[in-house]
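Input: structures, listed below.
You will see chain A twice below: alongside chain B first, and alongside chain C after that.
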Partner chain A sequence: MLPEFELLMPRTLPEALEMLAGRAPDGMPIAGGTNVIPDLRGGRYRPACLVNVAGLPELSGIRQEDGMLVIGGGVTVAEVLEDPLVARYAPVLREAARSLASPLVRNRATVAGNLANASPAADMAPPLLVLDAEVELASREGTRRVPLKDFFLGVRRTVRQPHELITAIRVPLPPATARARFFKVALRKADAIAVVNGAVRVDLGDSGFCQTARIALGAVAPTPIRAYEAERALEGHPLTPETIAQAARLAAEATRTIDDIRGSAAYRRHVTEVLVRRALEGLWSRE
Partner chain B sequence: MQPKLITLTINGRTHQVALKPNVTLLHALRDLGYTDVKNGCEKGDCGACAVLLNGRAVNSCLVLAWQADGAEITTAAGLGTVDRPHPIQEALADSGGVQCGFCIPGIVVSAKALLDRNPNPTEEEIREAISGNLCRCTGYTLIVEGIRRIIESKNQ
Partner chain C sequence: MANFKVVGKPIRRFDALSKAVGATVFADDFKMPGMLHGKVLRSPYPSARIVRIDPSRARALPGVVCVLTAADIGYAKMVADIPGQTGQRERRGSETPVLAWDRVRYKGEAVALVAAETEEIAERALDLIDVEYEPLPGVFDPLEAMKPGAPVVFEPDNIVARWRIRKGDIEAGFAAADLIIENTYRVPFVEHAYMEPESGVAWVDERGVINIRVSTQVMEHFRTVARTIGVPQNRVRIQGAFAGGGFGGKEDITVEVFLALLALHTRRPVRLAYTREESILAHSKRHPYIMRYRTGVKRNGRITALQAELIADSGAYPYLSPYVSLYSTVMATGPYRIDNVWVDTVAVATNNPFTSAFRGFGGPQPCFAYERQMDEIARALGLDPLEVRRINYLRTGDTTATGQVVHSAVLLEESARRALEALGERTPDRGPIRVGRGFASYFQSYGRLMWLHDTSQAWVGLELDGTVVIRCGAPDPGGGQLSSLCQIASEVLGVPLENVVAYTPDTALTPLAGTTTATRQLYMSGNAVLQAATAIRKTLLERASRYFEEDPDDLDLADGRVFVKNDPDRSMPLADLVRICAAEGLPLSHLAMFKAPFRDPIDPETGQGDVFPDFTFGTFAVEVAVDTETGQVEVLKSVACHDVGRAINPAAVIGQIQGGSHQGLGYALMENLIVENGEIKTPSLSEYLIPTSVDYPTTQVILLESGTGVGPFGAKGIGEPALTPVAPAVANAVVDAIGVPINELPITPERVLRALR
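== the complex of A and B ==
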């Protein structure tokens, strides 16, 4: 049996924001429930009130708008996997979606819920970090946008206020000269939480020198992180075995790994270096 | 925590039931007699509780019944019964992919969702489609074999 709670079922976004404002701070959004229901059962938290946001019409759909890919705050991981705009402009997000949980979970799990839940191992975080995504947060008072790199504060802690909802995730359309790749090591190939995950994105422009470099890592610190030093080691330089090796070393240095049931701190650090190196090597070699 | 009257259309039959907000779709279905939907873990890990919710395969243990108000639900028994099995059920039985049978309703639902969207899946796609369904008996080989048989017999 699940513990008792009140469940509010708004039909529109304004209604949902009104309910959350009225019930803050003890009202909690529930979307796919793939974190919330196991967490309620496990006793991780006991909210007095849940506000259902699954199916809110304003949060549905993925669209292209003013040079941005806009992923609605209610879009599921399965929808990301099937979407032609994502396949075209953000295949790295598609790769990550394919590695998240199982098809059964992906049909319920939302991208917004994955970010709001703020697990250090959230698979949607690294690809969205390398894509310079922004989180759109709405409340009764209005809407604000927060760069994803500033969204996470700690394990399961974000800048989102209890009465705010993620209404969209906005991704600038990357230039055609940029390439990106997701990576993940877990205890099995499918339906497994990452021991280490991450993504890299490099824009070589026409010059052969890295104009933009992004490296993001998960499950190696209290939040998903960017490896800024490693990015700086690439920007302004060509991608060579030496610059790649240096960036991979710096990425491993950016980690603050811990030992847990899925892997040791030392293993995570080592694997980070190997995976970042391989991902960068793979960007232009796999045709 | 007041109960609310909700409507569930299950295997083509419409039910109106008064349920409290903390009842999962899994419990609602089993209490209505749809015990082919199995309770394995209630955490989304095993897939024994899988059903089609408006055509999409989901773990019914991770859905609140109120969230399914007005939805169409199909369970494995809604696809076929012992007397009139669905081709997927027949193929799994014929291939020896069924041992204790506990995981099978969920596997049938995942396989149905796969074949509805992708009538010609590769072996890798079959394995991926059932990756959220744990089987403690078969080692999966004969289950995958069974699903492949359906595709082969259709292609003949």
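== the complex of A and C ==
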């Protein structure tokens, strides 16, 4: 059952950062609570206090700013699904949002929380990784930006310090010539943790050669990962069945899979290759 | 009664709206002044000796009112034998400790109880009960548990039950075969995952009666509670509530004895409600089976012999395993005419979670085997799967493997034809996506084993304004049992449906109607209500015949009036007739008892004898798309066609069938309670997946109504049968798509890929 805890209710961001600093390392920011509350109830940790950051005005909204798509730290997954800027510039994030948990959870869960929780299977991570997103971390001392690829340290571990709060996720607006896809295999169609998830993004420019390639994978390593070797196999090359097959193979090799109740390591590796290949094939084909 | 006015109409159940808007008061919604909160301490080991239990630190915690260990309750044991009956013989060895004292046999077994002022304190108290365990070697596989020298979970040899069928000459049957098909099938543990975890409130009233308001399928557990805690049976009252699902998981006692003990020891009301995780840990599961099938067939597909060996994992205690394994034995052949049958079934104790009743009660497991087997026969002979079944299907008047004659209609061929037709045009393959089709037919009993001498009672009464009250102790776990009883009374008494009220069961208020299990409640209590209402109808029409000076047969009741059939203008309001009867002292209520046929047990050596009152027959057909690169299976279309005898409320029947179909699709493709060394690796609904509303398209339902069942108006039972044929149909469809056999559930993506390699 849910243990007793102290709940702090800041009204502004500075107040929240003050509280987090004052209570570090035991203060835990909470927004949607879709991870924090089950963890509390399951006894996985017992913080001295929760700092409720849901509804802080500074964390709200999705906006376009200096060539960036800025997703506020309090934005829910449901808001991402509805947002026209996301639909226009980052449809891959929308695809991932649609597959995350269920409508009830999406109404509460935040994008920032999905990253902060650092589950290897976080559905928001692969699309944001292929979009070269940055995580904006604020504290009483100031603000820093960390590329998402450097944000995760391990299972449920990130570079976020206990007194820091994710105030935004910043995504560079991708060029119009880039396309991206999200993929996920899970044991049911909704409300299911991924067996494997991931995203690919390729910018063919005007040349027909890959100028940028990004491949990100989830649930196949202790953190969401980029498959750098696979990306390099594409960059500078056209997308052909051969280069795609090669990239898919390298993506599978980039995994460090384990056996768990959702799938074996071997299955995860196999399916990674299939899904990366299909995602790349699907970028410029009509389905 | 040829033209029904209420029966057969898809009416809105009286309980539907209140459930939809959240107004229904479930067991856990009930609060009492001064109520304490109970908690259960459970074993962290699947097999261990208890060296010492010391509750003193917990007792000293402020706010703790009571801590009970086995020593405080006289080392009480509970008889876990089949509940609720009068004619039963008790099985030896069926008792389980209420609280363990010397040994724990599964992870999650109850060791101590706490009652405290708040739930938080009760939970903290659990941590303060010092229990010293000495882990013992356990056995986690029924095959291992049968070997000499295996750890003994159930004295003397872990064998909980054995059943056999010996019919005809098995050797001759195989000798006559052109081909023998042999396969081994496996099915997993399955969790009921009802929406409402086990919960209840108990208190001792001013008469000294222990009241237990609880979510249950079995009101008659008051007897078990009384016996277990050592009070007379009239000192325990069970009040039912609408249950948020049961599926067999609330057939065994869950929280009742714990509640009674805590209420008795504290003399205060006590609430006990399991969390989802505790529910998964604490209650029964569907039996995993290993099933070895050997079938001899002629070249034309006619079966000459069937030999089956069924091995069920009973888990740590017997509970209903002996009966579940008996059902499997009786239904092991499937709905086929086979002259030479040899079945050996064994239920074996292990240190796994205990297994017991689950929708189908041992029917779905062998259905997976015998219907996969039928398709394997068809594949081997190059015949159409429907043709192989058609020439073997049972027909009315045939005998089952136990020698029981089937008297009701057997619409198997029609159900299969209709279901397959309804699948419509075949979806084409697309690249690595292969489409397959499969179906499965089944037979499943409704009503209990006839040697249990099953009965149900219902009281029906007319009030002076012409409205009706039904008192019938039938638990309603969501199937619409009570609503159907109202429809039957409404039909017989000609009273508008909205003028009929049925109470939820209460052993102090409603006559005992037996369990809501075994697909028996419509059959048994429906007949009891029919009898009671018919008796009142007779009284009314006899009195009216004097008034109208017409023969009672020429009168009828409808829409709250009594009238002359061929001159309906000659009529009077029912309320007027009721007042006349009341003034003259004519009985306006009736208590009826319906008795199922009573038989003796089957011959233990040959399994021959009559076992069930009747059977339901039908077919499930499905089209799937298999992704041969990822192994994922997508259900494209499914059709369920069952002969329900008579659909009292077609809307409710279709709901039951659609629910059962999707539960069956989950069994086929998704649900898998993973148990390793006695530990459940899927301890919550985050790991244990059940289908959501978007996983499978709605199952199309085709109702056949032969009118030949033994229920009211010729109804058969459909609650459990709805699930039985689904998993083998899906497996057959997957095999059709990929061309290689799959003989194990659930059909996970990995399993499909392994089969393809």
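A few points about this structure:
Heads up, the rule we're going with is that the second predicted complex is superposed on the first by the 285 of 287 C-alpha atoms of A that agree within 3 Å, B and C clash if a C-alpha of one lies under 4 Å from a C-alpha of the other, contacts with A are read in each partner's own complex, and residues count from 1 in each chain.
In this text, a residue touches a chain if its C-beta (ideal position, glycine included) is under 8 Å from a C-beta of that chain, and two chains touch if they have at least 3 such contacts.
Every value quoted in this text rests on a predicted model; they were computed, and no experiment measured them.
By the touch criterion stated above, A:A176 is placed in contact with neither chain B nor chain C. Contacts of A:L275 after superposition: chain C is touched, whereas chain B is not reached.
Put chain B and chain C next to each other and count what each touches on chain A; the higher total goes to B.
When the shared chain is aligned, chain B and chain C each come close enough to touch A:D191.
In the superposed model, A:G32 makes contact with chain B only, not with chain C. By the touch criterion stated above, A:S102 is placed in contact with chain B and with chain C alike. By the touch criterion defined above, A:L7 reaches chain B but does not reach chain C.
Of the two partner chains placed by superposition, only chain C is touched by A:Y267; chain B is not. Counting contacts by the rule stated earlier, residues 1, 3-4, 38, 102, 189-191 of chain A appear in both its interface with chain B and its interface with chain C.
On the chain C side of its complex with chain A, the touching residues are 119-120, 123, 275, 629-632, 670, 674, 681-682, 686-687, 689, 691-695, 748-750, 753. Of all residues in chain A, only 1-7, 9, 30, 32-34, 37-38, 41, 50, 52, 54-55, 78, 101-105, 107-108, 189-191 touch chain B in the complex they form. Residues 1, 20-24, 42-44, 47, 50, 53, 56-59, 61-64, 66-67, 69, 110, 113-114, 127-129, 131-133 of chain B are the ones touching chain A in the complex.
Residues 1, 3-4, 38, 102, 185, 187-193, 195, 261, 263-264, 267, 270-271, 274-275 of chain A are the ones touching chain C in the complex.
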